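Read from first to last, the chains carry the letters A, B, C and D; within each, the first residue is number 1.
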Amino acid sequence: MGAGTSSDETGPAGPTLRRETSRLLSFSDGVFAIIITLLVLDLQPPRVGRGQLLHALVEQWPAYLAYVTSYVYVAVGWLNHRAAFNRVENSGKALQWYNLAVLFSTALLPFATSVVSQAMRDGDQADQRTGVVVYGLVGVLVSVSWLGLYHYLARHHDLLDQTVPLRFFPAERARAAIGLLGYALAILVGFFTGPLFALVIFLLLPAFYSLTSSGLYELRRLRHPRR
Amino acid sequence: MGAGTSSDETGPAGPTLRRETSRLLSFSDGVFAIIITLLVLDLQPPRVGRGQLLHALVEQWPAYLAYVTSYVYVAVGWLNHRAAFNRVENSGKALQWYNLAVLFSTALLPFATSVVSQAMRDGDQADQRTGVVVYGLVGVLVSVSWLGLYHYLARHHDLLDQTVPLRFFPAERARAAIGLLGYALAILVGFFTGPLFALVIFLLLPAFYSLTSSGLYELRRLRHPRR
Amino acid sequence: MGAGTSSDETGPAGPTLRRETSRLLSFSDGVFAIIITLLVLDLQPPRVGRGQLLHALVEQWPAYLAYVTSYVYVAVGWLNHRAAFNRVENSGKALQWYNLAVLFSTALLPFATSVVSQAMRDGDQADQRTGVVVYGLVGVLVSVSWLGLYHYLARHHDLLDQTVPLRFFPAERARAAIGLLGYALAILVGFFTGPLFALVIFLLLPAFYSLTSSGLYELRRLRHPRR
Amino acid sequence: MGAGTSSDETGPAGPTLRRETSRLLSFSDGVFAIIITLLVLDLQPPRVGRGQLLHALVEQWPAYLAYVTSYVYVAVGWLNHRAAFNRVENSGKALQWYNLAVLFSTALLPFATSVVSQAMRDGDQADQRTGVVVYGLVGVLVSVSWLGLYHYLARHHDLLDQTVPLRFFPAERARAAIGLLGYALAILVGFFTGPLFALVIFLLLPAFYSLTSSGLYELRRLRHPRR
């Protein structure tokens, strides 16, 4: 469907393509919903002797911290997904695979969360370094997959709602690149200076994403629609 | 989108915003569906020696009770969510995060359910007190997140369907505050007098929510639409 | 919305109510999808010594049989759900709770499946009898919840698509009652004569449901719409 | 609904049937989303002594490989499902069961993935052969279920969007038959020459499916709609 007919709801191939995009969205919403809920499976009542539940629950604080961090990370990922695909009018095979890559890397977060929280709780210094590197690598992978998706959309303006400003997806791509650098930095910091510094970066990165996410655009658009 | 165009289905930014709200709903429906089904994962066939299955199944009665209680609690949460978002026409970034906070706190319920049911089954008096406090704290957290959402909607009438009475969300907010007090009370009661009293409050609170939920409004609206 | 306006798509409270029903459907679809997929979690690679995998995999045949039986049972449940709610135009608070009861009882199937398959594999005669009774009781519970839903819909013809024949839901209710008797019979048979006879009934009941499900109505309706 | 009215959106039984198909899609999307996310549950932080996390994480490389392979396989399955049902206008009872068979066989993939990855990691030669056969058998089952679905749709052109070329589903059926042969071959190869050769075939088959999937048709249709 060319740019000339992109706003034509009754165009020849229109409804079918719209249904395809809608299934991409419902499938992705499902995967994000499952990932964000699977994170909680890492929180388990500790198997301890009688009378030691309170102590054991307090001791698994890294699991709670990891849960919060990863929850915010996945939530931001879903908000980014929503913000990106709200601007997409048509989806082809390539976009499907870019999207599947984002879901693939995001689905690794519960595993990485589990590794790092177990390492902080039970491991020695070497294990904690390993845990931090694993989480950082998954963070790098997630950033790379977003970078790919944003790059593709920045280069295929014909797939987008024609009111999306040309600079939107290049800006998003820059944001993903910053995330990539951030997680790479956290790996180095965690490896050379200590896992706790890396954990702080892991906590800050989703906050950064959340604050810089496309809210401003949306807000502006709400106030001055299609001007 | 201002109040003046809120009922205009073909308004400029209309369909896109509608799609955003619809993804918020489908994502939330997914998370609620997963949470309510994850609760059942806490029910496991006991690993016991041959010939002791019946006895062991009967002994895990706290797990069944906890399952029923938490199922009703999550179900009421979903009904509240439905009742609230049926009245929302537009959703911005802030509403997304209030919603994500509700999903976050609700997702902790399977964990809290597991902790309390394991403590009642295997723990001593101190463990049971701990279990009750954990469940109560999650109940407080859930109530606080609903309080935040209702407070936000009570203050942003422009996001709502213009036929929603002004007093609707303040009334819901009051209901959430009662829940907050109820769970706080259950923690105190469980801590000072005994876990069983707290369990009774845990059972009663979802029943209270269920009975007072927005059914009356809906029923009245069904009979006298937009009067 | 009274019977007089039930086919009026643009009626005052119309779209909102339609959205409510649509969320009931998407939530229920999610729960059924999760339940049917959770069944597979009971299939795990056996933890055995080197070289014994094949033997151990063959030995867990009751788990495969239980998986197939419960898969068909949940699938039939979903088809019934679809067939029932295709005929529902409006949904109120009571219908929500009848639906939540169906989801509640269905969500117990993975647990019951796990209990019976573990008992058949590792238990003695008493354990197997217990397993059969647990599965049968969950089957009774599922039948009772469907009976309640069908009874409610049989009594509230105003909630339905006005082209649904008056005898549709009474017929469905009879089918649920037969299922209730079937599972009760299986419990007795399993208890007094032996678990294997009960398993055969468990296998046959979903087949019966599948064959008698509303396919005939739908087929007839496809051929002679609204006569 | 006969072929003559298939493009009539306001035809008598139209909207209801459309809702049925839409529920089939949302249920299937849910199941695919859960299956693809359950795969990650097989990735667990290894339970090892202090200081051995890195070594243990590296040692479970078969689990990562199996995860990637199965993720791509399920993703291709979902893309095929999307491509097939985009062309379906009406769905009857038989199509429901063909679809449920596809979901059934696909849901076995996490189990088969777990079996083969555990066998490669911990098992001896015999276990690895068993693991490969189990994965291959599930692959055969998945192919058979797709073969059934495509065969049914190739024979029921009246259920399809009338613009779908007559040769579309026969071509898809051939593709499924090739997959069937591929998995059967992998079983033989794995049994007689060694599990690693079979793993290579398992890796290549989803790649083959991905490259040959209906992308070309869709692309062509996008460019020359309904010619």
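The definition used in the following text is that a residue touches a chain if its C-beta (ideal position, glycine included) is under 8 Å from a C-beta of that chain, and two chains touch if they have at least 3 such contacts.
Bear in mind the structure is a predicted one, so any value in this text is a computation, not a measurement.
Undergrad: Please flag the chain sitting at the greatest distance from subunit C, going by CA centroids.
TA: When every chain centre is compared against subunit C, the largest gap points to A.
Undergrad: Between 0 and 180 degrees and rounded to the nearest 5, what angle rotates subunit C's CA atoms onto those of subunit D?
TA: Here the rotation carrying subunit C onto subunit D measures out at 90 degrees.
Undergrad: Between subunit D and subunit A, is it the same set of residue numbers doing the touching on each side, over half shared, or a different set?
TA: Mostly different residues: under half of the interface numbers shared.
Undergrad: How many angstrom lie between the CA centroids of subunit A and subunit B, rounded to a whole number?
TA: That gives a centre separation of 25 Å.
Undergrad: Calculate how many whole Å lie between the centre of subunit A and the centre of subunit C, each centre taken as the average of the chain's C-alpha atoms.
TA: Taking the average C-alpha coordinate of subunit A and of subunit C, the gap between them is 36 Å.
Undergrad: Scan subunit D for residues touching two or more other chains and write them down.
TA: Touching at least two other chains: 26, 30, 33-34, 41.
Undergrad: Using the touch rule from the top, collect the residues of subunit C that touch subunit B in their complex.
TA: 1, 11-13, 16-17, 19-20, 23, 26-27, 30-31, 33-35, 38, 41, 90, 92-93, 96, 100, 103-104, 107-108, 110-111, 114-115, 118-119, 122-124, 126-127, 130-131, 134
Undergrad: Which residues of subunit A touch subunit B in their complex?
TA: These residues of subunit A touch subunit B: 25-26, 29-30, 32-34, 36-37, 39-41, 43-45, 50-54, 57, 71, 75, 78-79, 82, 86, 161, 213, 215, 218-219, 221-222, 225-226.
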